[in-house]
Amino acid sequence: MSAAVNLAIETGGIAFRNPILTASGTFGYGKEFEGLTDLRAIGGLVTKGISPKPRFGNATPRICETASGMLNSIGLENVGVEGFERDKLPFLRECGTRVLVNFFGATFDEYVDCGARLDALDGVDGLEMNVSCPNIKAGGIEFGTDPRVLRDLVRACRAVVKKPLWVKLTPNTSDIVALAVACAEGGADGLSIINTITGMAIDARTRRPKIATIFGGLSGPAIKPIALRMVYQVRRAGVSLPISGIGGIQDATDAIEFFLAGASTVQIGTQSFVDPDASGRIVRDLEARLAADGIRDVRELVGALSVG
Amino acid sequence: MFAVENPLGSTMRYFQAKISENRVLGGGYFVLRLSGCGSLAAANPGQFVMIRGDWGRDPLLPRAFSLLAVGPGGTADILAKTVGRGTALLERSLPGAEIDVLGPLGSSFPEPQGDTTDLLVAGGVGLPPLYMQAALAADRRQVARSEMIYGGRGGDDLVLLHEMRALGLNLFLTTENGAVGTKGLVTRALEARLEHHRGTPLRVMACGPNAMLWAVARIARDKGVPCFISLEEQMACGIGVCLGCAIPARSRPYRYVCSNGPVFDAADVLDVDGQPGPAVPAACPA
Amino acid sequence: MSAAVNLAIETGGIAFRNPILTASGTFGYGKEFEGLTDLRAIGGLVTKGISPKPRFGNATPRICETASGMLNSIGLENVGVEGFERDKLPFLRECGTRVLVNFFGATFDEYVDCGARLDALDGVDGLEMNVSCPNIKAGGIEFGTDPRVLRDLVRACRAVVKKPLWVKLTPNTSDIVALAVACAEGGADGLSIINTITGMAIDARTRRPKIATIFGGLSGPAIKPIALRMVYQVRRAGVSLPISGIGGIQDATDAIEFFLAGASTVQIGTQSFVDPDASGRIVRDLEARLAADGIRDVRELVGALSVG
Amino acid sequence: MFAVENPLGSTMRYFQAKISENRVLGGGYFVLRLSGCGSLAAANPGQFVMIRGDWGRDPLLPRAFSLLAVGPGGTADILAKTVGRGTALLERSLPGAEIDVLGPLGSSFPEPQGDTTDLLVAGGVGLPPLYMQAALAADRRQVARSEMIYGGRGGDDLVLLHEMRALGLNLFLTTENGAVGTKGLVTRALEARLEHHRGTPLRVMACGPNAMLWAVARIARDKGVPCFISLEEQMACGIGVCLGCAIPARSRPYRYVCSNGPVFDAADVLDVDGQPGPAVPAACPA
């Protein structure tokens, strides 16, 4: 590929080698992909969501396939902050790419506590808040669906997090722009758009839900049109935060579509299950594609959708 | 005595192979021979691969198949049965078609031992890992110490009989409808064979529908015989990342079929009969 | 098939021969499918959305394919109430199945006017309100996303509509139950769940949106998990209105899944483009399937999901 | 003188056919012969079918293809070029594969007339309806009154030349790179032929990329020659239901490629150059 193509981008407070990241929950803690894709070639990785304490996750079965997509209800199983620092971080410090840690809590205080503790860890380049979690105090409604609650939560975390703080928005909303604005007001450094969409699948034979928790999160190519729309809505509304686009990205063309809609980075999720080398492949294909099209800098694509 | 846990990432590779032969056996069963699978050469019986054809975005996820055999020159065989859309596409696929392969994955059955009789129990399409185990025993001239108890609904479900006889394997066939072999379930035949071998060193190794495996495991436990079972669960990644293939386990809330299994020591997973682990907020979609 | 299977169901104020209807905008005005599927065999059809005056619809291109789905922004092109009565209704009166007329307006008054005029027409068995329309007075936000606006709109239409009145909910919401409750309060007789989900597609080569209006409605198998979830949420919340399930239904198994989730009828949408005989085929397959499973009455399936 | 509008529902059928032959021509072009297409026997040149293979839920929608020929015994041929996922799947499909067919659909070109010279202008994969028109003329021994101006990027894009010569058709070939025939666009060749036939009764019939069609239509209009063009637009249903295939038209805001076309009298659609119809709320997603 021509060395003349610049893929590097500094966005959301972090300087990335290129704009191809991997999405939380679909890339483990990085090590699982050693030998399958080149970690030193991708822009960055986002870890599985971390909570203050380890969590064992939901009952089984936890996943099922749907048309061009899948449902999951893993239940945010994770090793907890301590386990993360002890067992996962040493590898991540050496892995050769940017590391964002996705995190969440079951209460306001857990969020703040978790954010503060992760912020203190050496080797963490930034934090991504997962706000698609049930707010137990508010009857199980997701933290991220009410703009005021979201703003306050972001503000509280912002107060303790010195590193770049991104917020990952839930698509289960009628107004994604209001959520984005709330994050800007709360002091976030970036937005990740979108998390999974709540869905359900039924086994007609057994008459039971296909996953134990009844509802799960829909991901994969099926949701790409919705994700792209939300990225563009936020961009068009003039929200000043940089966007990391997520949802059904399978190849370099999909990534470019998200850049055009306004994302300055993208995250590869479910596709890493389909093709464990997906993120590396997309970096390679993106570079080749830009070179072939005579585009010198990937940043030219960001928000370059033409709607005239 | 333990199922061999394959340390993650040891030798697994993601690569493109080609179908070199598709042998349709009837009853929805077929054997795919893949070429270009040199990196599977050292795979052990019980290990599996995730494979996916060149068929677009639906079905989306790769499918898990146990290895049936790995041959010289980089060939690998799988035995599959058509049950849904992915397997239907594979059944129709033709020599020359490209297939993405991730493997070898997961744990394997313990190696054959000269002094122990292994009762291999296969239900329907659960045959492959046990066939491979028997072939390994034959290779080591220990096949006399292996017996295969192989059952299915009807005669159509019993395949590769000729090949197994050629290994010199002692075969006990059962069908639910009595068309071939003894009428009944494999569990009955297993009980008879356990009785037959009473007092000698024995192991049970089984693969088939999960319900059959639990029954087999309970029988073995009751007789005090070590038992290894190859479980199935929905999978997305095959490498311990998605956490989708969790099964409740004895020693801890969950074990993962892809990375801790698929072959488990039954004692490690038996007691927990499908109850969820520690309670968590129910509708958290991630 | 065994004559012992009962597919007939009376629901939402209408007695249907069977619970398989066709969805608005995907079955024209019925006549287009003559000779392709047996109109006398299906439970009912829902017409293209009718407005008081004819509308020419949106700029082109108007549709594009997505992963296991499609986007459309037809722009509610239709012949208007008068054109409907003059040109379409005579055929529909004789077509041998139940006829629901989908309708909408650009303002509150247009809704009421349209509902009243359609209500007066002989040959119309019921009305289905499409509330996924931009409310021009409220800055283009869909009428159907604010529960209070929705309740008032339904109440106003209810006051003039004597025939069964169904309301078709928009899925672009964080709280489908609140919308369902609003319809119940407004006096609706039934709910249709769901309309299309707003999405977007981009042509990476031309850097332009694939459809002229930028945004369009996503339909097809891709959205089935979301539709099923919303039907079940409304059912589980105990909202008393019967539900017509819509979204990605391709075959009898899909229809059964919606019945189990709580729908008493289903509507076949995009699948009629894939297979113009889809609705008839699903009726035949459903009957055969129930007979094979020894289920005497399709009503046994409604809400029979087992979640224990 | 008008494109023949096929009254909706007249003879169209939805049925299952089989691929009986797949003739790969190179350059991404291939001819599929379908059997079991008796209901297409009366189709006219310019009419099309919506077809879909047995490939699951993605790609979802059927694809539109003009008929190339309908033969005895219920065969029908289409000429296709691989441009995306649907056509790639068709190109790979094998004899015996099942194909769902809806057709014949849409309008057709006006019939050949003894006293008029028809200039058939085909760009690339726009050949089929004009080939069928030429074959009809040959059938009626009027092929001497037809000329085919056929252009493509390179030599690969010009297919079925042997068959067209066998019809006795007068062929004018153009390629953009000059590899075969005259170097340049079909429009230049058309201008030359119009000039050549000046003063005699003429008609132009064209199919190819929409941009080419607009150029052809403008040339014909400037010379006062009647012109019929077969347009393309994204389609979902093919039968006037989804309203997706709208194109701006002269006489009314929109015409539909599937039900009013695909063959239009250029005079009816030419003036409106892609501007939207009456303004409507922009973001109404239906």
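Lettered A, B, C and D in written order, each chain numbered from 1.
In the analysis below, a residue touches a chain if its C-beta (ideal position, glycine included) is under 8 Å from a C-beta of that chain, and two chains touch if they have at least 3 such contacts.
Not measured: the values here are computed from a predicted model.
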Set of chains whose contacts include both chain D and chain A = B, C
Where are there more C-beta contacts: B-C or C-D?
-> C-D
When the C-alpha atoms of chain B and chain C are each averaged to a single point, how far apart are the two points in Å?
-> 46
Distance between chain centroids, defined by C-alpha means - chain B, chain D (Å) = 53
Cα centroid separation between chain C and chain D, in whole Å?
-> 35
Chain centres from averaged Cα atoms put chain A and chain C apart, in whole Å, by 34
Residues in chain B with touches to at least two other chains are numbered 57-59
Two or more partner chains touched - positions in chain A = 67-69, 198-199, 214-215, 220-221
Taking touching chains as linked, do they make an open path (line), a single closed cycle (ring), a hub with spokes (star), an all-linked set (complete), or other?
-> complete
Would you pull the chain B residues touching chain C in the complex into a rising list?
-> 57-58
Mind listing the chain C positions that touch chain B in their complex?
-> 67-68, 221
Chain C to chain D touching residues, read off their complex = 25-28, 31-36, 49, 55-65, 67-70, 72-77, 106, 130, 132-134, 136, 140, 195-196, 198-199, 212-217, 220-221, 250, 270, 272-277
Name, in rising order, each residue of chain A that touches chain C in their complex.
-> 66-69, 71, 142, 145, 170, 172-174, 197-202, 204, 206-209, 214-215, 218, 220-226, 228-229, 232, 248, 253, 256-257, 260-261, 304-307
Would you mind writing out the residues of chain D in touch with chain C in their complex?
-> 8-9, 12-14, 52, 57-62, 100, 102, 233-237, 239-248, 253-254, 274-278, 280-286
